[in-house]
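One chain, chain A, appears in both complexes that follow, with chain B as partner in the first and chain C in the second.
Entry: the complex of A and B
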């Protein structure tokens, strides 16, 4: 029993507090998002489910909005949307970033200069503004939003991948692979990336959180898919009724959004700390 | 199939020294400076020299891992620097290398099976089962038995000697004609060194006449026990080249004499009383010297050595020496 307690204690002392809270928050929110149809009892984005502007009650735990829609249902479905948009756009960013970063790092020379200057240029254009323009041009549906956020958030990952690639490239096994006659593409995918990617992984979590925030921001400005419930859209709606003292319209989606961002940030920071033993030792 | 496997002609590699970001200086590090030799099929060549004498750069040039400043390398009468990347990749199975750093030359995220299977997947169209069978045979032949245990191990789960054996297995997997071994024993202790040397000999005997080695080392005893011919390098230049026995028993160039006199003798009485013939440090490569590069350490140096670079001349016994004492 004592042994068990000690081994548990050891595991938890290695997991730092940030990582623990991060896992907890993102875990709970992900479960809520996945099980949205099971834990809500109204269809999402439906008006006239009750009288408008109702404060929280048992039928409507988060109250109702101006059209009598259930805010609880919309918020839970909104979590789902945020997670999907955040994850998929981060995936797009990851793919673009990895390709650009590892090609630049591996080949070096002129190609590296060219790719990294393009990355720098992409860095200085405000992501939010660019995403806004892209969605406006392509039309506000959920796929375009994912695409727009994805293609505007890769520069950070590209830079990071390039940096780790540069250090892995120096290792002899890359040269050994060349001696064996492997093609460059094969060397990048089977020798380089498995070694250069792990340090980038925690930063992907941070990218997800920033992408969720961008998505909510777009929704808040009214750039959202009208057929998909999202937290940004709910906040946009709440903002239009801010003077009517209906606090539940903004507080519940707002708090959930904050918790989600907080959760992913803590998870990312915690992972960075957990994967870097030097930082870990400093804590204790 | 010609008798001549490798012909190196006036090979040079200069690395420019960058002084500042914008300015390219005119100074160069002459890592390999005018090296020429011919290697016959089935020959074992030793390359000796101090650290920084350009041995590894020479190996990397022969394998076309870097491009030369000038000069050519013919492998099987093919000028390897004229081949396209694709043609070069097809030629690579014939020339393999065993790297100095036994640990860093294995991908830490792959187990032994994956490391070796990659070789077959790249150059053959064998099925998974055939590849596994080949890997088993390969592991047995380099002394990693039982093979099924080692197959699933990762490099960090192996000892230094075992890692070197995996490196050797990878190099011999495709039955190359030339294996370049860069300091194959420098990371190993004495007993392991013996085993690896024996393994090299064993592999050589097994494919006698078809396999050639270039052994790069600063370990004279290793060169003596393995090689037939020796190339002595100093600051990127060839200083002596010829039969290993002749060179080690009767060195002609002062630098070779110094190298051989510095070999430790495992007898404290002799060791205490003998003189190591020369000390000193090599000239910094950056200083753009004229004349013999060994000038500042050589006990026989004359005014001529300071001014003129000695050419490589052939002596009566068939060896080549670059020293004014002999020309």
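Entry: the complex of A and C
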């Protein structure tokens, strides 16, 4: 117990401002997203809940849209969608990235050259455009959106995993495992990954932030699941009616989206600093 | 260490391979789509004669690998099919939109590089409060989505302050001649270019700051300080000069992000470039145009990356080993 207290105290005393604000922002937004049915009083994506184009009021804190839908409700449900799409697509990217990165780093030689060339190339092709094409062709539903963002966003994770794998590979315990005759798969999964993965964690957070941005961007261009409320969809709707000067249709969803992206960016930056105190001088 | 010629040839082969991969991926996507790929290549047409012509032109009645070869041949000839809704070849349509997109990107990047490199250098050199403020602002800057920032600009500066036009590239009510024509375009360019520049200012500031900090910790800076060189000279001649190459290559390698940013910004301000074309073709489900923009977009990004890659290899021989 005392040991636990001490380690907690140590963790907290090492927290930096960025990490703290990042945890706070993402935490609050996650809670808002999870408790969406509890803190909203209208069904999402429903028209005629009030007169159209109403500025913010007590009944409609974020105003109403062109069909008299409640923007507050849709925004809060939109947080949910952003978080789910961001996290699941980052998970897909993580799985692909880890496999490619650790296989390249562990085996080296021709296989490494080939895999890293493929990674370099995948980096160059505009991820957003590819995801856009995939979703429009396969059909704009939430699963295709998650899949498309996931399969186009792994190169960064692959590069990081390879870099950390290369340094862990030099350690003597890997050599010991080889001498013991463990299979390559066993070495990669039970010896290599537990040690090479932790430094990759901050980059997963940054990947979530960038995937949330991609999802919102697709929605903004009108490529979103019509049955799932999302922030991008709200901003697309705001764009279509922007010349009517209905600022609340854009401002509220946009502020929430920016805070969410800022939160994950702070979390990522903060984690990098937290895990490498020597970088502190260089970090922001 | 391989020579420069070998390096350049290897890179060119690599990028050509990448372009072929893009074509093959596009082809596979079209065939993975639910339903008949004819409709993706031709648009939602009900004219049986036209459908037959499209099926024949793309060889859709032949085996898959032959279809792929026909597709590659067509793409290499610049034949990306017809836009059904605009009754124009896709290539003609896209090529006519490229200048407007380039004007937007180049203006934004010129502003962003100038301001970003300056701010990043100041942050790295001064440290303290200036650094904290600049770093915080740049973090916020990279967290605000372009498309929302554009909407805010439009709502604030066009709709409420009436300072700038709400969209387009030229005034529709009056036709300006000579110098006034260019001034009119410039006036329309202010908001979209600023929108696109802000994110990039933030990004370039972050990258410059990191690289200048690296350069400042090198021995030659200590030597320069010990020699009693003036501060200005240390920053510009020594630190920035060493930091600038990675910053510029970073900007070059980020063309993809920049192109996407321009596409999104264009849709907000109805800037008549590739982005507006993409947006309207998305709404009309005009697949040939969408696929064409993807292929042209990839080609532009690949070419610029190739140029930056080769320049980097010439400037910094260590890269050639990779």
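Everything that follows uses one rule, which is that the second predicted complex is superposed on the first by the 266 of 284 C-alpha atoms of A that agree within 3 Å, B and C clash if a C-alpha of one lies under 4 Å from a C-alpha of the other, contacts with A are read in each partner's own complex, and residues count from 1 in each chain.
Following the convention adopted for this analysis, a residue touches a chain if its C-beta (ideal position, glycine included) is under 8 Å from a C-beta of that chain, and two chains touch if they have at least 3 such contacts.
Here the structure is a predicted model, which is why all the values come from computation and not from measurement.
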Chain B versus chain C as contact partner of A:256, first or second or both or neither: neither
First (chain B), second (chain C), both or neither touched by A:135: neither
Which of chain B and chain C A:117 touches, first, second, both or neither: second
Chain B versus chain C as contact partner of A:96, first or second or both or neither: neither
Touched chain A residues, chain B compared with chain C: C
Partner chain in contact with A:187 - chain B first, chain C second, else both or neither: neither
Partner chain(s) touched by A:221 [first = chain B, second = chain C, both, neither]: second
Residues of chain A contacting chain B in one complex and chain C in the other: none
For the chain A and chain C complex, residues of the former touching the latter: 117, 121, 124-130, 132-134, 136-139, 209, 213, 216-217, 220-223, 235, 238-239, 242-243, 245, 247, 250-251, 253-254, 257-258, 261-262, 265-266, 269, 281-282, 284
Chain B-touching residues of chain A, taken from the complex the two chains share: 171-173, 175-183, 186, 190-191, 194-195
Partner chain A, residues of chain B touching it in the complex: 63, 65, 88-93, 95-97, 99-101, 104-110, 118-119, 122-123, 170
Residue numbers on chain C that touch chain A, as the complex places them: 14, 17-18, 21-22, 25-26, 29-30, 32-34, 40, 131, 135-136, 138-140, 142-145, 147-148, 151-152, 154-155, 159-160, 166, 206, 209-210, 213-214, 253, 256-257, 259-260, 263-264, 267-268, 278-279, 282-283, 285, 287, 290-291, 293-294, 297-298, 301-302, 305
